[in-house]
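Common to both upcoming complexes is chain A, partnered first by chain B, then by chain C.
After this line comes the complex of A and B, so read on.
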């Protein structure tokens, strides 16, 4: 497969009478976008707000983050199964709005959602603070169930991102980057001396606020399966996960998965990227075991010599991470694990809920229990009181001066277990 | 549908939807000690005690599915419940659990039940 990302750099978002993209500015007609989203009868009201890098703005709570994209050619459309036509993606040309994202807000359950600070010390913990953010503020119809509410907000976010991306339909990208994969059958011939590496992509699927979708399908109960890396970059995986803000994989993280991007960029140079195996994080122990040995068998089938395995969330997924490690290593496949930790506020405790002796190459992306104080912001998008009840917050989180004291787990994407942010481990 | 025992401190699990509910009005750490006792009698863990990614120092509620019959000691189940006990103990001694209001408690109960519903739907 060959996918070209045509990139447009966004330096501002402004509300306007007409929707268009011109000279780095996304002009959005609120009325038109609202009418588009209100086609979903489960939405009672919708408004939008904008947050820009450097502003004294805090968004809380945040549900999902999505990068605006539009498929120009190659079949299918971004977020297949939700917004676009249900067809294979990952080929052709896709336009991508860089430095910009959609952040859905709103309280579905009374916990689990995070903070984005556009300036101050909190801004250093994620990349979203350096993006222009459009926040749809969605009020569902009365008495909507929690599952329907989650789905409504999830789909509205995806539709908003696709709407913004479509503004570039007839424009020429400022830069392009092309990713190419080879059929597994050709790998030995093409890259005989290079180590064959597979990426094992663990995704959550345990229930409300803990689900992930591939081509619109909730992956709960599936056996591990293979997917082209370019399909992932093209929006085939969508997040319905909200557990918890610091280390959930948002839809944007899937679309910009740094493990996939780096393996693709290094493919054919110092390694041979043999493919992506999607595997699930189920609540059932039998499922965990089945998924782990099955994923390792798939890797062996395609001749993998090494595997990078990423976790999503924490607690029980660490058992999946360790089982994957165990079975892969038993199949003779060397593993590197990527995770985060909850090692206490002083960082001195054991950081993971499960471990195995085979896990001798582990990268951590930070300690979620680390405690910080964030200064007051002039503008709040959402509801500040939520800070007291989100993961990492507590009853005393809001100071008299308007500052906020939380564990960094409360900050969206701060501990991203795909290695998307700056906090990580590097070998020297 | 698999046959199971469900040990829980989540009151919403008593609403009649599930069978073999064994409700204990306690905190998660003590609940896990009770599960450990059952595992030591030969019951196997069917679900991971730390369901979801809601940390046990945050949610007040957990439900754990065990095999209906106890046969022989399952080493994996013992290891897992003991690791979970240590994880909960460690997180809880770091800081006090938030004092949740009724709406938050109902949401935690709802999500915990959803994990069990989903787990049972797979089998």
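After this line comes the complex of A and C, so read on.
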């Protein structure tokens, strides 16, 4: 497959009478976008706000984060099965609004929603603070129920991102980047001598609002399977996951999966990228075991010599991570695991819920229990009061001066286990 | 500028009293640097000086630790020092334990910086690496010349209130705290780099060495279940409505104990979940789904168990650190023993 990302760099977002993209500025007609989203009868009210890098702004509670993209050619449309028609994506040309994202907020669905600070000490914990953010504030109809509420907000976020992306439909991108993959049968001929690497993509799908969708399908209960990396870049994987904000993979993380991007960029140079294996994180031990050996057998089938394995969430998914490691290594496939830790506020506790001796090459994205105080922000998008009940917050999280004290697990994407950020831990 | 005041702790051997035959030496004071203290004094230069040396026999300290510690603490305090240097003890076991104990107590009681030095396998290092900066030394005094400047440099930084770097930079044995830091490359980029090294059999360093688990052996079976008092425990966050103990939805800082002696069935009017790691819809509808009180009452009526304890214990397991969980588990177990409970059903989510 061959996919070209046509990139547009967003410098600012402004509300306007008309929706269009011009010279780095996204102009958005609130009324038009609201009417588009209100087609969903489960939404009672919708408003929008804008957060820009460096502003004294805090968004809370954030549910999902999505990058605006639009498929210009190659078949299908972004977020197939939700927004675009259900067809194969990952080929042709896709326009991408860089340095920009949609962050859904409004009434809280559950505890697992996080914070984005656009400036101050909280801003360094994620990349979203360096993006121009459009935040739809979504109020569902009364008595909607948590599951329908989550779905309503998820789909509204995707539709908003697709709406923004579509503004670039007839424009010429500022730069392009092309990714190419090869059929497995050609790899040894094309890249003799380069190590064959697969990416084992653990996605959380335990039901109970810990769900991830591939082409619109909730993958709970599937056997591990393969997908083209370029399909992932086109939004084939969508998050419906309400796991802890610091280490849930948002839809944007999937669309910009940094492991996939790294492996695609190095493909044919110092490694041979042999494919992506999607595997699940179930709540049942039998499922964990079956998925792990099955994924490792798929990797062996395509002749993998090495595998990057990423986790989503924490606690029982550590068992999936360690079982994957065990079975891959037993199949002679060398592994690197990417995870995070919960080592206590002082960092002195053991930080994983499960371990295996084969896990001798591990990347950690930080200790989620680190406790920090974030100063008062002039503007709150959403509702600050929710900080007291979200993961990482506590009853005394909000100081009298308007500051917020939380564990960094409360900050969106702070510990992303796809390795999206640059944080790690060091032993002292 | 006035020189900062340092007290130095030595055993009988380095204090030049004698060998093993003098190991029962009681603590004595020399109002000048002795043995290795002379080198420390020279290196401390104009910034600080050794105002006193306390010498204590290793056997005396080991056999009379409480009395020895009290005497030594009093002596150290009497000199009103700004810092304490102990050893280095290299791989001498009793000496290492004494340096660690003296260092830990002085730091805690007098709130002054302490530096010592040991071989990493010294039992004193295992026991005191957390509270005291222990510079990593060689196995014996052959490494004295290398060790003393490193210990002095760290003490100077501590005296000046400078930021202390990581173990690799400062030379101390890791104290066991994992600290968040930023790298130049993303986790994904570092991961692919690490994999390529591993594939080429080149050396690489894992960022997270696997922790060692503290496994607990299960207690023996209950001999007479029909006479046993059973308690319910959950890490699924079931609490009375209003969350009276304000247990957090993640990394709980406490557990709660709640009265159920008048209740046969948990209802959504009276109980909720505050757990932030799972979909609360079904637990909110019927809290018995996480804390099976209704089922336990049936077993009680059927006389399948002796009785159900009048209280249940609850905390939130979501991203709660193992050390906190261990603390709550130990406290709950103690309370259960005091209340004559023979068994417990622990539900997790």
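As a convention for this text, the second predicted complex is superposed on the first by the 419 of 428 C-alpha atoms of A that agree within 3 Å, B and C clash if a C-alpha of one lies under 4 Å from a C-alpha of the other, contacts with A are read in each partner's own complex, and residues count from 1 in each chain.
We adopt the following convention: a residue touches a chain if its C-beta (ideal position, glycine included) is under 8 Å from a C-beta of that chain, and two chains touch if they have at least 3 such contacts.
From a predicted model like this one, the values you see are computed outputs, not experimental measurements.
Student: Superposed on chain A, are chain B and chain C clashing or fitting side by side?
Tutor: clash
Student: When the two structures are overlaid on chain A, which partner does A:359 contact: first (chain B), second (chain C), both, or neither?
Tutor: A:359 sits against chain C, while chain B stays out of touch.
Student: Classify the contacts of A:208 with the two partner chains as first (chain B alone), second (chain C alone), both, or neither.
Tutor: both
Student: Can A:315 be said to touch chain B (first), chain C (second), both, or neither?
Tutor: Once the two structures are laid over each other on A, A:315 reaches both partners.
Student: Report for A:349: first if it touches chain B alone, second if chain C alone, otherwise both or neither.
Tutor: both
Student: Examine A:248 and indicate which partner it touches, taking first as chain B and second as chain C; both and neither are also allowed.
Tutor: A:248: touches chain B, not chain C.
Student: Using the superposition on chain A described above, determine whether A:220 touches chain B (first), chain C (second), both, or neither.
Tutor: first
Student: Return the chain, chain B or chain C, that is in touch with more residues of chain A.
Tutor: C
Student: Per the contact definition in the header, classify A:231: touching chain B only (first), chain C only (second), both, or neither.
Tutor: neither
Student: Regarding the shared-chain residue A:285, is it in contact with chain B (first), chain C (second), both, or neither?
Tutor: In the superposed model, A:285 contacts chain B only, not chain C.
Student: Any idea which of 40-48, 76-84 or 94-102 of chain B is the one running into chain C?
Tutor: Among 40-48, 76-84 or 94-102, only one stretch of chain B overlaps chain C, namely 94-102.
Student: Take the contacts of chain A with chain B and those with chain C, and give the residues found in both.
Tutor: Common to the two interfaces on chain A: residues 110-112, 146, 207-210, 243-244, 314-315, 342, 344-345, 349-350, 369, 389, 391, 393-395.
Student: Would you pull the chain A residues touching chain B in the complex into a rising list?
Tutor: For this pair, the touching residues of chain A are 109-112, 146, 204-210, 220-221, 243-244, 247-248, 282-288, 312-317, 319, 342, 344-345, 349-350, 353-354, 369, 388-389, 391, 393-395.
Student: Give every residue of chain B touching chain A within the complex, in rising order.
Tutor: 45-56, 58-59, 76-77, 80, 83-84, 86-87, 90-91, 94-96, 98-100, 103-104, 107-108, 110-111, 114-119, 121-123
Student: Sort out for me which residues of chain A touch chain C in the complex.
Tutor: 110-112, 124, 145-147, 195, 197, 207-210, 242-244, 257-259, 261-263, 266, 270-271, 305-308, 314-315, 334-336, 338-339, 341-352, 355-357, 359-370, 389-395, 407-409, 416-428
Student: For chain C, which residues are in contact with chain A within the complex?
Tutor: The contact residues of chain C facing chain A are 130, 166-167, 174-192, 194-196, 198-200, 204, 206-208, 210-213, 246, 248-251, 253, 274-282, 317-324.
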